[in-house]
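To keep things simple, chains are lettered A, B and C as they appear, and every chain counts its residues starting from 1.
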Amino acid sequence: MQSPAFLTISDLWIERGERVLCKGLNFNVSVGEIVRVLGDNGAGKSSLLKVIAGVIPSLEGCIYYFGQDITQDHSRLQQDTLYIGHLSGVKNMLTVEENLRWHCPDVTTDKLHSTLSILGLLPLLSTSIKSLSAGQVRRVALSRLWIQRKKLWLLDEPFVSLDAEGVAILESHMKQHVVAGGVVILTTHQALTSIHSRDIDLLS
Amino acid sequence: MTYTSFLKSECLVLWRRKYDIFNALLFFIMVVVLFPLGVNASPEFLAPAAGGIIWCAAVLAILMSIESMFKEDYSDGSLEQLVVSGLSLPLLVLIKISLQWVAVIFPLLVMMPLLSEMLYLSSGIFWVLVVTLIIGTPSLFLIGAIGSALTVSIKQGGVLLMLLILPFYLPVIIFATSAIQTAQSGLPYSGLLALLLAISLLFLVVSPFMTAISIKASVN
Amino acid sequence: MNWTWFHKLGSPKWFFLWSKSYALPLFFLGSVALVVGLIWGLAFTPADYLQGNSFRIIYIHVPVAILAQSCYLGLGFSGLIFLIWQMKIAPIFIQSIAPIGAVMALIALVSGAVWGKPTWGTWWVWDARLTSVLVLFLLYMGIIGLKNALDDVALANKSVAVIGAVGLINLPIIKYSVIWWNTLHQGATFTLTEKPAMAAEMWIPLLISVIGMYCLVASLVLWRMQSIILEREHRSNWVKQEVMNNGF
């Protein structure tokens, strides 16, 4: 018998407002894969990620995590998932370090510093988020990918407001992640330059 | 994210936002001052009305501080992160409400001796007032959190929040001020305190779940 | 027990087809009962020995006040049902019944004030029943306001359900607190368990107008629900079929 896939999406229907976005979507994701969700604006790329993350409920259909139905209770998958959406998910009133310690309380200071120096944020360690630029805030949000050890990454337009150098750093980190047995599901309008992805097209 | 790290970050945010709470307290004092100036400054009017005045002012100040409870978390995406954290959302909500309650109510209680003196409240009644505030205001925060989560996505949600929530506050205001008035006329008032406590306990059970449902509906 | 009817109720299509034939008869039944009850009550019952002819307004006031509360009860329960079973028909019901309930509460307030003028000498008395109807009216307005302020349908549905369910829990507390706050009021006119203290020729027309009011409101709610269903499902095939066949 074949072992169950990392994530199985079976006959998934998603509704936003009064509009049905996905009709009977099926796909499998196995360990070590980068899945890129494609589709026009409003085709439901973000909604699909949100449904997998458990932010919004699906209209119908099931999601299996290692063969286990998690459609009703997402918490088992959520413990292994890092979701970064359009909104950064970092608090304006807190500093960079405080934000990261909120998301990941058990990170060591060494790890925190090395991560931030990779992303060029080390000088901003105790700067308040509200005085950072959009690109810097995005880097802070993405730095969670280095310090939190989660198997599944759900990234909604992660390259937005990143410069070329930031994109390269992120792509190489994604590659490391999948080589180490992780899974990435992302939406992006940009072509991935250095990594190979499997594409899923949402037809609108 | 863990419950402890959430608690720590919320404490930090509250501390950084201390001026908001300070403003709510100033507003509270302003409303209390309006009554002697606007209605009647004689002890014959103020002493019996003191409980009602303080409670109405406290309700308005609490509504002000509750309105923005989830606003910033909603716009920067931290609310979304709470939903996907895999932790129990009702519990996270309860932590947030409790912190907010402590942050608003303790400064309020500290000002109480001064205000009760200004409103000619006798010292025996003062303690009844303090007890009603301690056991009555949790329900105000718990109910308010539901309304705040429901209106979080509306830009000008403040007035709507008041319209939505104030009717639910009526029993608390009625029982609290009645307890104070009953104490002033020398009758036993413990039954009313028990009712206040019962309402707070009821919403302690109901509110975190309802707030969590509302947050999940709002974050989409 | 067979629960299929309960699940079928969740489907707007099924509900529409099922309810289509009920609204009109209910409307006629309600109108006739209301007219009979009102004419009997307003013209043929003897005057009250204490309040004279002014008591006759109870034939309007009591039915609308009862309906205002019943509507909220229905609203609260369907909110709860929506939160538990995600039944699609529940928010449609809430959306239909809220304005009707608000109008009932408003008529109850106005007729109460008209009744108050000859009875107490003022238009408004902080009487427990009037006050709780006022609170009820505010609750309705809050729900309607929230519904209108939220653009996202799913969010609006959830929100009114939450606030309705919380209201259902809180309404008895509000009512009790208001009654406790002012016990200087007349007791409830109707109780189901005790024999009414009014003379039979007084309460029979009242009963008829209450029943008529229930039927009337039920028919109005059904109509509103049907039009909301048609609007929401206007893209689906069965609606097209329906419009082709019956020419709504």
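In this section, a contact is a pair of C-beta atoms (placed from the backbone, for glycine too) under 8 Å apart; a residue touches a chain by one contact, two chains touch by 3 or more.
Because the structure is a prediction, the values reported are computed rather than measured.
Identification of common neighbours of chain A and chain B yields C. Among the other chains, C has the CA centre that is most remote from the centre of chain A.
Nearest to the common centre of all protein CA atoms is the CA centroid of chain B. With A-C and B-C as the two chain pairs, more C-beta contacts join B-C. Computed from the mean C-alpha positions, the centre of chain A lies at a distance of 37 Å from the centre of chain B. Rounded to a whole number, the gap between the C-alpha centres of chain A and chain C is 48 angstrom. Centre to centre, using the average C-alpha position, chain B and chain C are separated by 32 Å. Listed for chain B are residues 220, each touching two or more other chains.
Of all residues in chain C, those that touch two or more other chains are 152, 154. The residues of chain A that reach two or more other chains are 16, listed in rising order. Residue ranges on chain B touching chain C, taken from their complex, read 143, 146-147, 150-151, 153-154, 157, 160, 163-168, 170-171, 174-175, 178, 199, 202, 206, 210, 213-214, 217-218, 220.
The touching residues of chain A, counted against chain B in their complex, run 16, 50, 53-56, 74-79, 81, 83, 85-94, 98-99, 101-105.
Of all the residues in chain B, the ones that touch chain A in their complex are 1-2, 4-6, 8-9, 12-13, 16-17, 72-73, 75-78, 80-81, 83-86, 216, 219-220. For chain C in complex with chain B, the residues that touch the partner chain are 83, 135, 138-139, 141-143, 145-146, 149-150, 152, 154-155, 158-159, 162-163, 165-167, 169-170, 173-174, 176-178, 180-181. Within the complex formed with chain C, the residues of chain A that make contact are 15-18.
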